[in-house]
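You will see two complexes here that share chain A, one where it goes with chain B and one where it goes with chain C.
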Partner chain A sequence: MTTLDQATAKTGAGSRAGKRPVWMERPNPLVQFLKFIALLVSAALVILPFWSVLATSLADKQTLDAAAGGMVMWPGRGLSLSAYQAILSGGVVTRALVISIGITVIGTLLSLAATAGLAYWLSRSRSFAARPVLMLVLGAVLFSPGLIPSYLLVKQLNLLDNWWSLILPVLVNAFNVIVMRAFFQELPAELFESAAIDGASSLTILTRIVLPLSKAVLAVIGLFYAVGYWNAFFNALIYIQTADKWPMALVLRTYVVNQTTIGGEQIGSTEGLPPQLSMEMAILVIAILPILIVYPFIQKHFAKGVMIGAVKG
Partner chain B sequence: MTAANRNSTVFTRRRLLAGAGGLAAMAGATSLVGCGKGGAGPSSNNASVNSAVKLPTYQAYTGLKPDLPGTEQGVDNAFRNFPKDRPKSVQEKPGDGSTVTGMAIIYYAVPPGPGKNSYWKGLNDRMGIDLQLQMVGNADYPTKFPTVIAGNDLPDLLMMNVVANFPSLLDKRFQPLDEYLGGDAVKDYPNLANLPTASWKSTIYNGHIYGIPIPRGVIGAYNFLRQDLFEEKGLPTSPKGYEELINVCKELTDPKRRRWAFSMIGQPANLLTMINDEPNGWREEGGKLTHRYESDEYKQSVNDLISMWKMGILHPNAFDPAQPFKNLFNAGTVAINAMDGYPGWAQYRSDNASNPKFKLGLMKVYNRDGSELAPWHLGSGVFGAGPFCALKKTDNKDRITMLLRVLNYLAAPFGTEEYLYRLYGEEGVDHKTNDAGDPVLTKTGQTNTVIPIRYLADAPYTLYQPGHPEDADTQHKYQSVEVPTGIKNPTVGLFSNAAATKNATADKNFQDAINDIIQGRKPFSDLDSQISTWRTTAGDAMRKEYEEQLQKNGGPK
Partner chain C sequence: MGQSSLTRPAGEAITAVPPPESAIIGRRRVGRLQRLSRDKLLVGIGLPGAIALVLFQYVPLLGNVIAFQDYQPYLGITEAPFIGLQNFSFLWTGEASFVNALVNTLILTIIQTVLVFPVPLFLALLLNSLAGERLKRLLQSILYMPHFLSWVIVVALFQQMLGNAGMLNTFLVQHGLPQFHIIGVPDLFKALITTQAIWKDAGWGTIIFLAAISQIDQEQYEAAAVDGAGAWRRLWHITLPSLKGLFILLLILRLGNSLNVGFEQIILQQGPVGLEASEVLDTWVFNNGIIGGNWGMSAAVGLVKMVVGIGLVVGANKLAHVFGERGVYEK
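Moving on, here comes the complex of A and B:
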């Protein structure tokens, strides 16, 4: 942006307005306005569903009844936190939140360490067996093992009903390895050479030179992993047998996607429970929140990190 | 699936592949054990073998007298209030202190585990076991079930899903129970002997009893209606014939006030199956089966649906499979909730407990010209998502009898002390008793008592609505009118591999095409080619498999 502005200033100062190239002309106000409208509409398309989820989670029963079972855009006169109270009181959701945070933090750290190590190995063309291992990694992008073999493997590793089953099978994502390898290859070779001359070992080069220079890609890949761990319900569904050990995503799924009825057949009176829909939406809000909080801190690295990996990938 | 399995007897490598295929769960299971009987065909699972099975002797529970007794045809027992005296139906602790594992579907938010759940702990104490349950959301059960089977890591008690090669799966992995439950042997477990005979038919495969059925009334579904909305306009709640139904629906519809007669397209479609006298699934004549899609009556129904859609008496979102039809009904946006599962009665009651205007009614179904009641399409008599609970194969007879005693405890009939605890937990903690003597769940109870033990064994369905004694009469009267007109689906209790593997996709494609026809996106003349597509992809194979099983017995049971 800055370079463009400077260029405009420079050429603009010395020449007539008519000689400006097309892309440097003063913007037409009408076009500007249309662009503004278009951006506003697309922003609204993204924000409104979130807003509706939030509003519905805060709505009371009368408002929802009036909406005939649909979502609402305005929570109505009385803001009601009863859905949040109901969810957080039973202890199931709070525990699942703690479990999910634990899995996400530990999983992301381990995944980053493993991915960075593998990517560094593969990025140095003279490393041992770099090429066959790279082919193996590329193969993993194309072929996935399928459900039953994965289950049998986890079972034979005695990891069923164990939180490690949610981390180890998905520890390294081949695509992320390739993105990170491409980033490492972009680093100037002179740095490695001079470090080697100064007597640095491979590990020292990785930890003292490569990783500090790769904060952008680490942040992005870390976010990929974190979002992956946070959202993963399927492995938990298959591998975790005790409901007490469920992570948030699976609890969320039983509430929302399965449309479980709170109340329901033969249960009798369920007076006093907040409406099902606001409970579902409240869980959604709770589930989105942590990622939403982390995102702004990593976002600055985001565009840069993805671009660098993508071009070379 | 079938191909992989057929190959498995020939090529060892293919056998390995069959085990590796994500969907080939059952084929994998077979290949691990070896292909003794050739898993693909239901060779040892036919009607002559199955009809030779000695069904458990029915012995009704006599400890409590229902206010309105059920009938042999399948009308449920009804109670106006919860019985004051709650007899014990199981005298001794059924368990031996060991750990019992199980897996079943859950429709509720997950309850806290036994460590933090006083109800669960109490249940364990009462049964004398340490019950460990895997609870799987209903939408995920079809995914989880094959992995558990393939992992050969079966729990003691498993809610079954009817899957591909089901008979051979049962043969290899699950315990035949004839010697414990066949004939009078079941009398050792009086609460199991109290389960309706019709429900046991769904547990018979390969000539053996393979589990404990989860019984449901044969009525299956009700035509719920908002009586308050009908009364507002002075409309008859049981319109006689198609014309009158349409007139009533038009009166109920007022798009400006966001009011329609029906919500989802499937509901009037199911209603029309009876009005137009379509087959109940299949029609059997002299050993030949005709599916309802192939009948002329079905064409009539599609025609009717086209005109109903044009008239605008259906909610505009009627073709959205995720339409929240229960909420629309509660909100009065739609007035008729046709052919919805009948246990929904209790839910509509509790959903609308704070709405004094809400009045729940039921619509009787008349035939097309309105001259008499239309034949009711009876349900299978078991819980659709998991017809029975099977026991892991074991040589330990003591273990089997212990597990059956536990299931006997769980099947304790309505009104008994065991039933009260199973559904409502501990007095003062999980429930309170109101002035009328009805147990009402507390908030703790609502969270704690939803452990899905009801899908391991359940009491026969009983009509009872806490706080609304008159509901027992309404429902019992409705069932007494409709059940005697009922016709059965001749394929209930038969197994078709094509139905278990191919029909889901074929049927969905067919229904999608029909929906297009109803909305005018495809011409009506397309119907015939759609029917023949369905026939070639699944229908004919299903017919063949069902007819084979029927003919070996010289007709349906």
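Moving on, here comes the complex of A and C:
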């Protein structure tokens, strides 16, 4: 499906055993083995931390005590969901989770709409003012305005300590506009012409023809935006002051990175708190999980999206 | 407008009702206002995005004026008195905390350009030479993943693995070995930052190299093999030269970003390490401006940083042209 796969498929992908092109020498088994080990180690370095975090979040108190309070690789006999129950039963983490989901959903939808609209305008090269606006977009790729001026603007707009400060400043990413514009330009012009002749307006063409044909690029760019909103830490750190309005990233920093004790008043219940470490790891798992869930669906489109950005950008 | 469909370039604006004049006087002479009225729906669709972009990318540039002011939040930009270049005095007085931040930034830039930057290329070459398409794709999926995690998560994961109560040290203690302190040790801070950067983004960086490798003409390899070139010589004489342009392009982009060395990553880990080892320009601006209230001077540092960044991109691009490469943009 992706450019990458097509290219490898077309050229015969000599690497698969038995399909090696005639001119390529037989691979040295020792070298192959070493390569395999090197890649296996890299993959393990990525997977092991996740595994360990998940295992620790599910471990019960006895298992953790046996591990001297440290991380474990196996959750032990009794899988315990008490850490998840504790942090999801109301309180700081639950609230942050709801806030982060809200910001991510609303932000991603608005970003996609604004980006697609702008890209559509700029993709019709003869349209009004397309040239100067494109220059503005390109300029925005090359530099960012800086921390202090951005902060002053958000302050001037009265957005401090407001959730919109996490959405509006990052609503449109210039690079994403360029990628999407390039994608729209690749669509066959005849489609638009025939639709226009049939009396379709620009809006109808966008919603009925352009967007349905651009699912791949919308998926990739939607993922980039969603991940950006979900992960937003920097803006939350400088713009959100009240702890009640924290998104997940700030909760993560406070309770997992800085290891502030999670007490009864932070989460709904006061009785029988699960071990701190389990709760911390459960927060971490909850922060990672949404990304792991959407990742496989979007992953197949990566190469395509990135290639367009690289070639056209 | 019917006749123009043959000459019209792809991607041109199409409207439901073509202005009647266009058929008579030709499209080129259609006035600006007429084009606006023709495209008003199209412009309307794109305008919200354009406004957001201008408002949050360009309007803040005006705020840099406070770099030349004695700015106080209660006065506001319009009221604050102008004080000339006083805020830029860090440039010639050698303000100690600024110099420290600058030195740390430059060291990290050099380390990251030399160590972090080429890793994706090696990884991509390794992946590409691997037997088994299925395995390759699985490994790619795994290696891309960390790119999508936020720095908060990455820092938390590293703490849990390498921290004093983390996986590694628990293991060492359980086996009667001495602890190995990594997190919170100033001397190891830059190594830690670099390792984290590699862990997070090296896999993702391979995507663009793999795409470029797949575009190389396979007949070149065949011809070289027929002429007796081994795998290493094919790598050296075909693969690497084919990737040179891309490598230089990425290097230029990296240079433009070279003064940005991971704000989020560092601010999260600054506490236990201390400012001397960990302060970089971005965190300096944050700590002195937004936290410390030294607005004018922080804005001045930010402004200098931005100008240097743009200068580096333009300079590197010139250099690329001198060496006959395309660079980011052509002149």
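Everything that follows uses one rule, which is that the second predicted complex is superposed on the first by the 202 of 313 C-alpha atoms of A that agree within 3 Å, B and C clash if a C-alpha of one lies under 4 Å from a C-alpha of the other, contacts with A are read in each partner's own complex, and residues count from 1 in each chain.
Keep in mind that, in the parts below, contacts are C-beta pairs under 8 Å (C-beta built on N, C-alpha and C of every residue); 3 or more make two chains touch, one makes a residue touch a chain.
The structure presented is a predicted model; accordingly, all values stated were derived computationally and were not measured.
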Which superposed partner A:L160 touches (first chain B, second chain C, both, neither): first
First, second, both or neither for A:P132, with chain B first and chain C second: neither
First, second, both or neither for A:D244, with chain B first and chain C second: first
Winner by number of chain A residues touched, once chain B and chain C are compared: C
First, second, both or neither for A:P29, with chain B first and chain C second: neither
First, second, both or neither for A:V92, with chain B first and chain C second: first
Which superposed partner A:S52 touches (first chain B, second chain C, both, neither): second
Which superposed partner A:K61 touches (first chain B, second chain C, both, neither): first
Contacts on chain A seen with chain B and repeated with chain C across the two complexes: 67-70, 146-149, 151-152, 155, 237-238, 253, 257-258
Residue numbers on chain A that touch chain C, as the complex places them: 3-4, 7-8, 11-17, 21, 23-25, 27, 32, 35-36, 38-39, 42-43, 45-50, 52-53, 56, 67-71, 113-115, 117-129, 133, 136-137, 139-140, 142-153, 155, 168-172, 174, 177, 184-185, 188-189, 192-193, 195-196, 199-203, 205-206, 227, 230-234, 237-238, 249, 252-253, 256-258, 281, 284, 287-288, 291-292, 295-296, 299, 302-303, 306-307, 310
Contact footprint of chain B on chain A as seen in their complex: 61, 65-70, 89-92, 146-149, 151-152, 155, 160, 237-238, 241-244, 246, 251, 253-255, 257-258, 260-273, 277
Contact footprint of chain A on chain C as seen in their complex: 5, 8-16, 27, 32, 35-36, 38-39, 41-43, 45-50, 52-64, 66, 73, 77, 123, 126-133, 136, 139, 141-146, 148-153, 155-161, 165-167, 169-170, 173-174, 199, 203, 207-208, 210-211, 214-215, 218, 221-222, 225-226, 230-231, 246, 256, 263-264, 267-268, 271, 282, 285-286, 289-290, 295, 298-299, 302-303, 305-306, 309-310, 313
Contact set on chain B toward chain A in their complex: 19-22, 24-25, 28, 106-113, 115-116, 132-140, 143-144, 146-147, 150-151, 153, 258, 324, 326-328, 330-333, 341, 343-344, 346-347, 350-351, 353-355, 423-424, 438-441, 443, 446-447, 449-450, 454, 466-467
